[in-house]
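Before any comments, here is the structure.
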Amino acid sequence: MAKMNMLHAINSALDITMAENNQACIFGEDVGHFGGVFRATSGLQEKYGKHRVFNTPLTEQGILGFANGLAAFGAPALAEIQFADYIFPAFDQIVNESAKFRYRSGNEFDVGNLTIRTPYGGGIAGGLYHSQSPEAYFAHTPGLKLVVPRNPHQAKGLLRACIKDDNPVIFFEPKRLYRASIGDVPEEDYTIEIGKAEVVKEGSDVTLLAWGAQMEIIEQAAEKAQEAGVSCEIIDLRSILPWDVDTIAKSVIKTGRLIISHEAPITNGFGAEIAATIQEACFLHLESPIMRVCGLDTPYPLALEKEYVPDALKVFAAIKKSVEF
Amino acid sequence: MAKMNMLHAINSALDITMAENNQACIFGEDVGHFGGVFRATSGLQEKYGKHRVFNTPLTEQGILGFANGLAAFGAPALAEIQFADYIFPAFDQIVNESAKFRYRSGNEFDVGNLTIRTPYGGGIAGGLYHSQSPEAYFAHTPGLKLVVPRNPHQAKGLLRACIKDDNPVIFFEPKRLYRASIGDVPEEDYTIEIGKAEVVKEGSDVTLLAWGAQMEIIEQAAEKAQEAGVSCEIIDLRSILPWDVDTIAKSVIKTGRLIISHEAPITNGFGAEIAATIQEACFLHLESPIMRVCGLDTPYPLALEKEYVPDALKVFAAIKKSVEF
Amino acid sequence: MTNPNNISLNISHALKFIDSHALDIPTLTILGDNGEILEGATAPDIDKDTAINLYSTMRFIRLLDERMQAAQRQGRVSFYMQCLGEEAAITASAAALKPEDMIMAQYREQAALAYRGFTLEQFMNQLFSNEKDLGKGRQMPVHYGSNELYYLTISSPLGTQIPQATGYAYGQKLKHIDPATGELNSEIDNLTICYFGEGAASEGDFHAGLNMAAVHEAPVLFFARNNGYAISTPADEQFKGDGIASRGVGYGIKTIRVDGGDALAVFAATQAARKMAVENGEPVLIESIAYRLGAHSTSDDPSGYRSKEEEAEFKGNCPIERFKKWLLKQGWLNEQEDEAEKDKIREDILAALKIAEKVQKPALEELVSDVYDQPIPALAKQYEELKEHIKQHPEAYPVTAGRIK
Amino acid sequence: MTNPNNISLNISHALKFIDSHALDIPTLTILGDNGEILEGATAPDIDKDTAINLYSTMRFIRLLDERMQAAQRQGRVSFYMQCLGEEAAITASAAALKPEDMIMAQYREQAALAYRGFTLEQFMNQLFSNEKDLGKGRQMPVHYGSNELYYLTISSPLGTQIPQATGYAYGQKLKHIDPATGELNSEIDNLTICYFGEGAASEGDFHAGLNMAAVHEAPVLFFARNNGYAISTPADEQFKGDGIASRGVGYGIKTIRVDGGDALAVFAATQAARKMAVENGEPVLIESIAYRLGAHSTSDDPSGYRSKEEEAEFKGNCPIERFKKWLLKQGWLNEQEDEAEKDKIREDILAALKIAEKVQKPALEELVSDVYDQPIPALAKQYEELKEHIKQHPEAYPVTAGRIK
């Protein structure tokens, strides 16, 4: 075990991958010698060579096109998109190509070797274009897997699982936590299963569900609730696609209440899918409507970021509303 | 009044627009002399000139980039994307640019003059890439409006409203109905308000909600239900963004039951948002869980299209399940 | 270029613009209309077997195209695309490759696949989306693919295969790089050829794919099929440069333009390009000039956008005839035998069609397989529900109902 | 080109590739390091007022950049980007335009906005995201925009403004087209200039924007700022062609490369390009060569990716000094007055900063306004709920709580 921040944990997962397969390549804007604008790939070009860790020209559609081709060839393709806000030029390559590669070819070809890493989320005074949480844009796409870690330990184990998984995966990294979140992380290799939510804290009155950096927020809200005598069960969804309906349903059957919180705008965010599925799965057990505490339906603002975000106070207000329903 | 199919109705709306404003331009792949692969723009180049109705090079990101610029200049920009399946290369220009143009500039600039027309949906033996219904991909984007007509009369009135609306709008045209759906359409100009759902048929036991070509399907299902003694209220959502929560909630409060049907894959489709919102708005009135009858979570297939689609039988099965809950 | 801006160092004090058509790009032609080697031209190094294979493939594809175009009119297949006029461009380029070189095509390159040995039965199974289709009946007709033959399954979204070719080729090169020096340490075994139309070359993916191939020195042959049209859009509404070839220099990619109706020119250029690519680790751009003699697809009617006169002008340019004349001159072909074989092929095609159209559609499970390597729980549940539903209404789903396990 | 493939007709029988660097692209330079007009060069037609404005703007921007870079280190603004080394490229090109020509910039072109008359106060309001910011405090520092000054608000996603410039310019041209003939019937009043970095030129949007401008004959000046780096990525890992200029011919666009440190060369080239564009209705590509003397932004530290030696080599190339020497030679500038003015400007900047940082942030309603022309019902409801929430917890939202209506 070592104390690592999330960047170190990610770097360690990449390092293990590069050492284990000499075809594995890491590429993206500025990931080479510089080690990426957040330094997640620091030291890897020196260690594995310029032919395996390299800067690409500035074209996200090219990065993903290249990645699809390299993955189809059979090499682990570890592509970085510098900010999740800049993943949209690659949307076609991801949604029409990566996601459908295996299906359309009848399994003659696949890009299971593809892993896309990208920092997402707000809280860094980034305004419209350095703050977005675009997971829901991809969640409507059969063929993709989507994973979001909440701390360094999870980040390393989940990223390794994403890389080993034989499907294209997008790994969303909560950039607000890159350096802020520090914890014990094994130096050796390990994986955390994709598709399983984790009950982080058991409780009896309300189920709180989130992922990534938003976990911190619902934990804070749960503490406030605790003080007010409300016991919250806290769940980290971890994997958006596939997502763990059973764990959530089991919890909601117990508590009778569900509050989902995500940073992205509320309308058609992934909270919508969860609410739609759980109201059906747990209809007779729900004691109050499923609530969503999310970003407003506006682009991500700068000066009024504090007002915009689904903070712990807002989540706590929803908890009260839910138990008082 | 004249009998028109949907293509004629759309052509008529475009014609009126071109006549009313001599800066309006229609452009896209093959929309010029040829009149588009579905012939929606037939005859317009001859009438308004090659400088106002023209083919573009084959680049969807270019079409939307150009359209954003032209709209920002102040000219009505009527862009066609040949198939909705090919809108993804333009995703960045739409989601990061069109949608955020006004907000990010503090209203110094806007692209309210932009209207994107695109044929969507299945039922034409088109397989993965000529069948998609991508409305939900855009529904998570504040700043956009999304509209889908169900017949020629609606198509003309709604398209004119989209064009006049001072926001960027995507108008999804159900291509299966282009020639199949024929009806009375005024030759003169008229608009149908965006953002309002329409109760197409009143009923008392279950609310059925759909849009576009899927309206036909829920109408067939409602007939079967009628025979089985179940009275369905049928609603056409028409506008995905903004969407008419009030009309749906009012109906569900009356019937106690809601079934949503769309062609797109179920997970995180727009049905998810509707279910999430309505379970909250109508919690105490729901007599059974809100159900969704949608495309499977797979790419759109070819040989097994019949099995894949949310047909009337599947909707009817859900109606039975809902009333028997 | 060793300056930070990566430009040629060449100062000038005169205000002068580079002309918009500063490059003078010739079209390589070797074979004359009567099968003769043109004066000043050199026939490429092509052996008899290769030449005959090349010819037979073109002949086969022409017959297949004719038959399937007709089958579509009869309503037997839903859709078809011919490669009329471009047979030499496609077949001769494929013939200049190694069998394990990767082919990433657009959709009009069935001749390359045939050259590799895709069987008539395999073509038919795909066209009829039956259960023997390698693609499991999921994509529209002509979306062929074969892992065994190194032919990537066709994807309708245009241009997407271009940067993919760069990535794939980079993978092919990887093992030839010396980890210590970063330099090539041996000739690259296999490269990737990437076909696309002059229309698709307008996509952003084209720009990304070529630029990245140049920067990362990926062994790709970018084969631009300039056939004058993208559906109804003529080339002069597609670009204002001198064809697609004029773009090569912008990426720092060696480039050649060939007469796409001239099998020998295409073969020669591709062979030479392949050599440069695998020896140096670099991409090459080849632009083939031919005219799309047929409609875009069976959904299209060119009379809506081009004149009968223009079509007539090019009708005579049959790349197959032209190459045949050369073979005859070489004494490698017997005209009578050739005609007899044609009849035989026609019969084979019709017979294969009749078999394939009767083969049943894929089973229900193929609706949900291959979305992931293993079905995820949500999809598995949807599948179970669908099976139940179909069992309750077998009459409504006749194609699959009888076979549900 | 009147053949369907839209290519030059030029047959060759020799198998020869066009070299990957077939174009020999010179860099236009007019002004020497000591302010002299170089031998063989001609000074452009620039009047004293324009020249002085040009100089004052460069001087102002340098001082503003210095001050704001420091302000960021002091934690007073969150982020900043300098245009160190590129002042002449940006200011001189802007000076060669008409005031109503549209400017679509990337982010490092504050000098163009200053030349148009954006006030110091306006700059500061944007940088401090206060309620007087025209952008209503929504975007990060340096994302300026002004409708009045025809300067499109900066958008972070790179390259997106390039096809937008084409569309905007097409709009500017529309009224000059004779509906009957489709030809230009008068000189175009205003065009669009589009600035972008050599890094952004790798985006697919670049390809789309230039190709469409050529095809649709849109009057755009594409101004490529090749400053050698895209954050840490050097130009030779960005492209292998000869700069960005080598791409012009691929689009059939007239092109020129200029020394971006030479205000007179940039002015001359832009002036000439503007004339061609508005007279003929056509785009022009200008590549400016300069070295990014500073860091990419305040979030960046170049010592991680480039050597001190390299930086030192270019440190001396100050485009402002170079132009100043020419002005002195012209007798249009007094050195002492100039120094005095600098001190004054420094004071003004600090004073403006102190004012702007105290202006309050935008009111809560600006969180939801401008998403649409009118708030849609869902958003209006969210806003009402938010107001209620803040009223209940004013201590948690000090910036807006006191001002909620």
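In this document, chain identifiers A, B, C and D correspond to the written order of the chains, with residue numbering beginning at 1 in each.
Heads up, the rule we're going with is that contacts are C-beta pairs under 8 Å (C-beta built on N, C-alpha and C of every residue); 3 or more make two chains touch, one makes a residue touch a chain.
Just so we're on the same page, UniProt names per chain: A, B = 2-oxoisovalerate dehydrogenase subunit beta; C, D = 2-oxoisovalerate dehydrogenase subunit alpha.
What you are looking at is a predicted structure, and each value in this text was computed from that prediction instead of being measured.
Ranking all chains by how far their C-alpha centres lie from the centre of chain A, first place goes to C.
Chain pair with the most C-beta contact pairs: C-D.
Centre-to-centre separation of chain B and chain C, using mean CA positions: 35 Å.
With each centre defined as the average position of its C-alpha atoms, the distance from chain B to chain D rounds to 38 Å. The distance from the centre of chain A to the centre of chain B, each centre being the mean of the chain's C-alpha atoms, comes to 30 Å. Annotation for chain D: residues touching 2 or more other chains are 136, 138-139, 143, 155, 157, 202-205, 207-208, 211, 215, 237-239, 366, 371, 376, 378-379. Chain contacts: chain A has residues 54, 57, 59, 61-62, 85, 88-89, 92, 96, 100, 103-104, 128-129, 142-143, 241, 267, 296-299 touching two or more partner chains. Across the complex, chain C is touched by residues 1, 4-30, 38-42, 198, 202-208, 211, 214-215, 226-229, 234-243, 245-257, 259, 268-269, 272-273, 276, 284, 287, 289, 291, 310, 314 of chain D. Listed in rising order, the residues of chain B touching chain D in the complex are 22-23, 25, 49-52, 54, 56-57, 59, 61-62, 64-75, 77, 89, 92-93, 96-97, 100, 102-110, 112, 142-143, 145, 166-167, 195, 241-243, 245-246. Those residues of chain B that touch chain A in the complex are listed here as 61, 85, 88-89, 91-92, 95-96, 99-100, 103-104, 128-129, 136-137, 139-143, 241, 264-265, 267-277, 279-280, 283, 286, 288-292, 296-299, 325. Within the complex formed with chain A, the residues of chain D that make contact are 78-79, 129-130, 136-140, 143, 155-159, 199-200, 202-205, 230-233, 237-239, 299-300, 304-305, 361-362, 364, 366-368, 371, 376, 378-379, 382-383, 386, 389-390, 392-393, 396-397, 399-400. Against chain D, in their complex, chain A makes its touches with residues 29-30, 32-35, 37, 54-55, 57-62, 85-86, 88-89, 125-130, 266-267, 296-299, 301-304, 306-308, 311, 313-314, 317.
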